[in-house]
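Here chain A shows up in two complexes: once beside chain B, once beside chain C.
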Partner chain A sequence: MESRPVVASAHRHDAWCIVVTTRLPAPHLLRPIALLALVLFSLGPMLLLVLQSFAFGWRWPTLWPDTLQLDAWRNVSSGTLGRGLFTSAGLAIATTCAAVLFALPIARGMATLPRPWSHIAAALVFLPVAAPPIALGAGLHVVALQLGVAGSWSGVWLAHCVPAVGYATLVLTGVLSTRDARDEEVARTLGASAVHRWRYVLLPQLRGALTEAAAVAFLVSWAQVALTLLVGGGAVRALPIEVLALVRAGQETEAAVGAVLLVLPAMLALSALRRGAARV
Partner chain B sequence: MSRSLTTPAASRLPLLAAALVAAPVLVGAGYAILASLGLAGPGQAANGMLDASRWHFVLSSRSTWWSIGWSLQVAIISTALATLGAVVVAAAFSTSTRADRWARGVATLPLPVPHLVAAASALLVLGQSGLLARIGYALGLVQTPADMPPLVYDAPGVGLMLTLAWKEWTFLALVAIAVRGSIGDLYDETATGLGARTWTRWRLVTWPLLWRGLLPSVIAVFVFALGSYEAAVLLAPVQPAPLPVLTMERFADPALARRGDAYVLALLALGIAALAVGLHEWSRARWSRLHTDTTRGASS
Partner chain C sequence: MTHTITLSVRALHVPFGHEQGLADISFDVASGERLVLLGPSGEGKTTLLRAIAGLVPVSSGHVLVRHREVTQTAPEVRNVVYLHQVPVLFPHLRVRDNVAFPLTVRGVARRQRDAQVQPLLERLGLAALPDRLPHALSGGQRHRVALARALAAQPAVLLLDEPLAALDPALRADVRHAIEEAHAVSDAALVLVTHDLEDAARLGDRVAVLLQRRIAQCAAPAELFARPATLEVLRLLGVHTELSGVVLAPDVAQTALGHVPIVATSAPVGAAITVGLRASVLEISAITEGPADHVGATGRVVSVQHAPSGPLVRVRVATQELLVPVPGVPSWLRLGVQVHVQLRDDARHEPFPAYPC
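Showing the complex of A and B:
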């Protein structure tokens, strides 16, 4: 009698095993199914956004919109999304340029630091990257107020530059610390000036890493919400701020258009990132 | 070679430059400390004396600890889910066949998707009249949107956890694939030669090496998940408010005196992030030491 529960449990276990093994697809089908699941999981939510951006009257409980139309897309150029797109593009391009310009000399210097200074420097650079955006924004708002640029485009740009420079420096330090610096030494002994060494040795060697750093800095600024809200004070209407407002207002089609607009340049930046990585 | 050219004064210069990058954060943190103590900013004490009442008020408030605990729980679970997904992809699609390379490419496609976009699409998928509910209706599982279990604005934060995990897993998959590639097959083959079975090889060889390489990125993902404002503001419940949302609410509070609370909360968030940075640097240094040792071991 005492062994009954154990036996029953064993039976249940065997039965479960039979159910599981009979329900599992054949081994040669597992891989295609896993691939399909991966594609659906990775791309499904994005494809849904694209579909929603064309949807007109997608009522419960239909699986497909009643009508597909281009109205929301046509309104981009004349509406708030168009203005937001323009503001975001300007901010992201200006932030990318500044981040790479500042990060390159900083990373070059950091790559020459011995331990433990290299770790301390890396931790310092990592600070603006790791600081929660809201905490960072609360502090940067004060700096922007002191400089008289709070609530302005230039204030938001400065705020975006802080994490962007951190990210770009980390990317470039990683590459510079493993680079063979002897080419530069040879150029120096052959009489090349500092400008020539930068122009003909360093920059060609770092083209891939610079593309990577630029792409990362662009992405940091392009998707920034918290810093734009806190330092911009609602006056700087970048694209993410417009999309956030549309989502919260329940305007699903317009929000989806804005979300797709946010993703497209980010995808382009990723392909630049991959090209850069392939060159390193 | 470059080190031999460095003078002591010049070696201090890069450190100063790194400090310059961190300066806005440090200045901001300094101001936040002063503002939280009533020495500056909104809610400044009239007599200019140090006033710790903001700290006392925030730290003794139940909503603060509820918010911190809830945010930590969401960040930990979403990071764990993202890590699991990344490790599965790195392990399942690790060969150099075309299908595996294609799968790895697909897995990392959502990498540049902003948190805001991930949250917007999560509302379309997980909302009570979202795609899952519609599929449930088509399958006869739900009849009205109210029948669908709430996955957004829900108390446990399931929707937020899933969204953060979906957003971050691609980054971790990218790192896991790179780490898996750098480990190579030498250790696996040695273990196989010594009679280890698949699961034993995975448990005792692949996983420890993969985990050590992945740990700095896991910590970074945890910090991002903890600090994400836009996903939290769109998907989290009103009570408890996630830490970034609570901070933003206090920061924009019409009652100026309450804005001091925002600085206390921001400092708490910064403290957690600083702990994570320390952990990140420690694990990075540990990994680079281990990597050097294993490379030496493999080459000898």
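Showing the complex of A and C:
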């Protein structure tokens, strides 16, 4: 569709007005154009990253790499990326478990607390979410030093848990505060103990929200750089830290492999997030 | 049917936050009996049910279920099932599993559960819907599932909180029938809250009137409607028209309609009283038909209202207004016309409730 400016003129009293309008693309073209833009902006960098992970000596302004090879991928299991992947997976899984376990009772308490206590509890829980990671990391580093866990896996895990619990609580509170709590009253008068109510009433209804909270907690830990660096002090080599080191060292192909490895579980978590959201 | 006392409420006081709460509530309900709690909004009917179920704390008094003190017992071990006004079903469970819930939490095996649930589904017209989720049920079906689930718990006491409120007439009849069906297969003592007189009269073996957060009267529906215990109860029932008078003898009052028989009163002769007349005992006739030879008075038509039961004529007699039902609107009946108001022949010897002013 041609898109030409249209110039119109009008004589009004003694002044001349010139109106310039631009024709927008026809409405039926807007959607495909928007879709194309979305694909380019979201998938474009990912595709380049994947290509880079197979490239050898690919430099600007060459449009396509001269040589494609699998060396960087073959070295994953034996190199620093493999160890980083293992460390990150362990941290993220442990953080996810802890975050969901802590967030569920906290969110339930917050959903049932009267004001102003619910607001105070919310402020406390969500503070680590709102605080800049560097500031949070600095504070947690001091705590980790005092606990004697700075520079250790457990110290980093504890540090990851702080924002992860906040995010998971945020997700669960949203669901728990809007659900109809009368079904627990009904369950009680029908003979359900507290354990029964959790097992047969609450948890089945929270399955979607729990999946969502777990996915969010996993993502928070998986992509965590600031807390890992500050509390881990370089001794805990999670995958993002290894990727950062490879980028600094100019090892672009290996860094691209690491970045792809970082993206894949994140996409799985996002997929779980969407499934969870659909079930809520 | 046995008539052992299943629910006993003794001098129960239930706080309403910082307000004066329910005070000195006492009543018994036998197994298989239906007690209706009737009262205006805000009198604490729902709170009383929730207190019996153990869902709100009480400040003093006792709740006994099958002679067992349960006042401080957790709701899950009281054997008292409470149903909300709008049925609350577990949204993730299918109809069969919703109904089987009380059996599931008691650890009953799947096969036994199914064997117990199936007759309930059939009894309450749910046999074709066992695999439906609650969101796919109609309003009436949801009520039926909630009732079937309550019966599956085999409760000693079944508490229904305004189950017929906010329902359209067809659904109301359906749910009322479901309640009767459900209670027919249970020996539970049933306590049902309503503010609807018709529901109270149709569903209650006895009706307890809650006024000013106390039980003002507890009686069989016929007794309640014939002899409201107080003027406040009479006004709540709203089926009576009030007539001022003075006591002539312990069982006769002088009113604008002449001498009227009253329920024996302790008020002294000459004391001012209010007589409660059910509208159905009054009739009007055109003044041109000549003076009546029995109790009656002349009045002026103030308004003609059309109610579902038929037209109602409001007649001003001296300083009082009486509401009189008429089978139809005769041609002579117009606003402002003078009419003769009298007691119907068949009601002239019926003693009417009377209250000291």
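Operating definition for what follows: the second predicted complex is superposed on the first by the 244 of 280 C-alpha atoms of A that agree within 3 Å, B and C clash if a C-alpha of one lies under 4 Å from a C-alpha of the other, contacts with A are read in each partner's own complex, and residues count from 1 in each chain.
Definition applied: a contact is a pair of C-beta atoms (placed from the backbone, for glycine too) under 8 Å apart; a residue touches a chain by one contact, two chains touch by 3 or more.
None of the values given here were measured: they were computed from a predicted structure.
Model built by superposing both complexes on chain A: chain B and chain C fit together without a clash. Of the two partner chains placed by the overlay, only chain B lies in contact with A:126; chain C stays clear of it.
Chain centres taken from Cα atoms put the angle at chain A, between chain B and chain C, at 90 degrees to the nearest 10. Of the two partner chains placed by the overlay, only chain C lies in contact with A:200; chain B stays clear of it.
Of the two partner chains, chain B is the only one touched by A:43; chain C is not.
Using the contact criterion defined above for the overlaid structures, shared-chain residue A:99 touches neither chain B nor chain C, since it reaches no partner.
In the superposition on chain A, A:186 contacts chain C only, with no contact to chain B.
After overlaying the two complexes on the shared chain, residue contacts for A:35 are found with chain B alone; chain C is out of touch. When chain A is checked against chain B and against chain C, the one touching more of its residues turns out to be B. Shortest separation of chain B and chain C in the overlay equals 7 Å (C-alpha atoms, whole Å). 182, 185 are the residues of chain A that lie in the contact sets of both chain B and chain C, per the superposition on chain A. Residues 53-55, 74-84, 88-93, 101-102, 104-106, 149-150, 153 of chain C touch chain A in their complex. Of all residues in chain A, those touching chain B in their complex are 31, 34-35, 38-39, 41-46, 48-49, 52, 60-63, 102, 105-106, 108-114, 117, 119-128, 130-136, 138-143, 162, 165-166, 169, 181-182, 184-185, 219, 222-223, 225-226, 229-230, 240, 243-244, 247-248, 252, 255-256, 259, 262-263, 266-267, 269-270. By the touch criterion stated above, chain A contacts chain C in their complex at residues 180, 182-183, 185-193, 196, 200-201, 204-205.
Contact residues on chain B toward chain A in their complex (touch as defined above): 1-3, 6, 10-11, 13-15, 17-22, 24-29, 31-32, 35, 41, 89, 92, 99, 102-103, 106-107, 109-125, 129, 131, 133-135, 137-138, 145, 166, 170, 220, 223, 226-230, 233-234, 243-244, 247-248, 251, 262-263, 266-267, 269-270, 272-274, 276-278, 280-281, 284-285.
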